[in-house]
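Next, two complexes with chain A in common: one pairs it with chain B, the other with chain C.
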Partner chain A sequence: MASINYATREINCKLVYYGPGLCGKTTNLQMIHQLLPIGKRGDMVSLATPGERTLYFDFLPIEAAEVNGFKIKFSLYTVPGQVYYNATRKLVLRGVDGLVFVADSQWDLMEENLESMKNLEENLAEYNVQPEDRPMILQYNKRDLDDIAPVWYLEYLLNATHGVPVYESSALDGTGVLDTLNHLCRFVIRRVVHQVETGTF
Partner chain B sequence: MELHDLILTEEDATIIDQYLIRFVEDTGVRIALLMGRDGHLLAKYGDARGADTESLCALSVGAFASSEALARLAGEEKFSSIYHQGVRSHVFISLVGDSYLLLSLFDYNASPPLVRLQAKVTAEATISVLERAHARMRVRG
Partner chain C sequence: MAETISKKELIKKPKVFKKFYTVKDFIALGIILVFGAVLAWVFNLHRDGFGLFDILSQKSHKGVALILWGIEIAAYLGLAYASSNNTVITAIGGGLGIVTRMVASFVIGLTQFASHKQSLFGFLWSVEKGDLWAFRLLAIVVTLAMIFVVYRSWYVDRFGLFEEVMVKKEKEKEREEKAKEQPKAFAFAKKMTDISSINVRGNTGSRRDPDSLMPPEWFVPVAPLEAAYGTVNIPREVIVKCVPEAKILLTGNRPVQVRLAYIVPQLRHATIWLTWQQIFSSHNAGVIDSADAIAQAEAALRDRWIKIPAKYYVGQVAAEFWVMNQVPPAWMRLPEVPQESEFRLEAEEHVG
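Let's look at the complex of A and B:
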């Protein structure tokens, strides 16, 4: 649910990082937090288990450039990837304006990627949203590891029906992290501007 | 009222600000935040110095969603508010319609029963503005 406030001249949008457990969603947010200058991002909030697994969500507010005199603010969230936290994933998706699906490139984790993508589709459907209704980027993470699937296979597995833009990444060293975020932000801003201009917001 | 995109005009924002100002002044709470159930801050009033209002919103939404799940386990459809009591600071979060929340952060200067009562009054006033904003968007759409 993007919101536009004409009094404060702000547009607020919500971006969610989705994907299977340990695929690198939290690492993406940690790198964004590390790479963006302090004035462009707030503090990161992580609700994690003692073992550093995401329990509820991670949250990071960031600010983009102004568009037509409006300040654009993005709230970045991750979902907990572990299968049994589905109620929380559904909650975090509420009002989502844009999505990054972080896939784990390791061969052994193809089933988990596929299950997570199906889970995303099911959870969005509960809000009457189809994945194609929201800007989405696919990020193939952990490309620095040895035992990884080729991109063409990940495309076949995860992107055949969606056909969304793709980035290869290694979130641990920051590769591809900001490219993914920039692309999604542009996507979301363009959608909001289009909706406002056409009166469909 | 479901969660949809929202445009607040300057007039909407001014009216909501007035409700929040009255709420803060009548109760003595330190900060009042109006937010969407998606975690977006819509309006704030009070002494927000040093308060991370964006994180307050994100965490309030999470806490409230947990309380809803608890309510269902307890045989209730939902809880209309939650209260976190600290040593010096307390947080009261209440539903505004179905899609918005009002957070009150307060200390010994405010009385919890009064905060609870006035939060309800403020929610009822505020929801009419938000419903008008949504109705306007439905007409446009």
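Let's look at the complex of A and C:
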């Protein structure tokens, strides 16, 4: 749930990058950190194993332009993808305002993508949130690899019932990373502004 | 634990010891040392060198001697504070002044003893000089204590004294070695992004057990969809990977045909799980030799599971089976915010 500070005229929103292990969630954040100018982002905090596996979560604060006289700030989080860290994933999801589901495009990882999507739905349900309640973008990552599934198949597998916007990406070289984030941020801003205007915030 | 900390480790703690390492502080303590030694020399010339009260007659009241001791300590403290303007240095200086003069007095006394060829016992106790023996004893104790403190680590290392301390040290060493041997459970990732260090692609491939020959726990066998006609061709290698014994059964070059009726109900699962019997019950004439011996061997494989990854069938399933029911969620239909178009996070120009 976004928080509004009327004194400082700031709106803070929480965005979470979700997906199976090693799909590129942390790489997304690293690239955002790398690409954005210093004034637009803070330091990235990352708690990872020596094998670059996220142990708890990554965190990256970014700042956006003013909307309706309010400065919008986004806190970007990732979750650990490994199946056995579900308690952490659940915790990170608390109060989420927007989601990026990062899917691994490799053929051999279709089941992992499905499992992770199912896990996301279950964890959101524990907070009484349906996936369609929160802005979400699907990001089909690792599109630069050879042995990857076509987009239409990923759509069928992961987006058949959601119908959310989709981006192809290659997080390692930054392709599609900022497009995904920009699109999600706009939807999150729209939703927050709408909630404020309708008094449902 | 304080005994086990080496000097080097102590020096590493800047917050505690920083203020002791200014030149000014060293000079202050040096002045105290010199002052104490000079006092001892002067007093020793006059009489025994144990304090200002040496200037009094032996019949003076003991309280006066105590006051003079106080004055002397106050002088050390004042001198140390004037030199360093630091309360910690001042406190150390007060003690150091007394200790220095005690040690100096003892050394000077020893010199006198040697030059006058007096017996050691007579010199130490100086009974003929009344209460002064107590101060000489104090000087001896202080001197020995100083030697003990300065050479303490040498005793411990050479003679194994203070076994408790030694055991502590050994345990600490063991702990340190163990910590070095054990791999770190985690490490903080670098704050600044260094793309060259990202090695995510090195870990590609399935994170499931790739050799698992059983369907996942959640899998529920699905009845075939009889309305789905046709077959898909699956390479023999896919079958052999799950059932290695089948290598001798699958002769020829033709791929294995799997009925769409079995594939379609599982399309949502990505990986298809079928039994040997489901695959080879029909449509595979000529793939398996019909000789009796072979037929018997095949019978033993009927209940074995075979998994067919998505990439082997996706391109062969007709479009009509890929049913999607996309309904854009409510948040996608919200009106645009007036300044929304101004919002855009863009990469820095110099980054490629």
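Everything below uses one rule, namely that the second predicted complex is superposed on the first by the 201 of 201 C-alpha atoms of A that agree within 3 Å, B and C clash if a C-alpha of one lies under 4 Å from a C-alpha of the other, contacts with A are read in each partner's own complex, and residues count from 1 in each chain.
Please note the rule applied: contacts are C-beta pairs under 8 Å (C-beta built on N, C-alpha and C of every residue); 3 or more make two chains touch, one makes a residue touch a chain.
Remember, it's a predicted structure, so these values are computed and weren't measured experimentally.
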When chain B and chain C are modelled together on chain A, clash or fit: fit
Touched partner set for A:L181, first chain B, second chain C, both or neither: second
Touched partner set for A:M31, first chain B, second chain C, both or neither: second
Computed vertex angle (chain A) for partners chain B and chain C, CA, steps of 10°: 60
Of chain C and chain B, partner touching more chain A residues: C
Chain B versus chain C - smallest C-alpha distance in the overlay, whole Å: 8
Those residues of chain A which chain B touches in one complex and chain C touches in the other: 43, 45, 47
Footprint of chain C on chain A - complex, ascending: 20-22, 24, 26-27, 30-37, 40, 43-52, 55, 58, 62, 64-68, 72, 82, 106-114, 131-136, 142, 145, 147, 149-150, 152-153, 155-157, 159-165, 172, 174, 178, 181-182, 185-187, 189-191, 193-194
Chain A residues touching chain B - in the complex, by the definition given at the top: 1-8, 12, 14, 42-43, 45, 47, 56-57, 59, 61, 75, 77, 87, 91, 94-96, 195, 199-201
Of all residues in chain B, those that touch chain A in their complex: 3-10, 12-14, 17, 36-42, 52, 54-55, 58-59, 61-62, 65, 69, 137, 140-141
Residues on chain C engaged by chain A in the complex (per definition of touch): 183-191, 193, 195, 198-201, 203-208, 216, 267-271, 309-311, 314, 322-332, 334-340, 342-348, 351
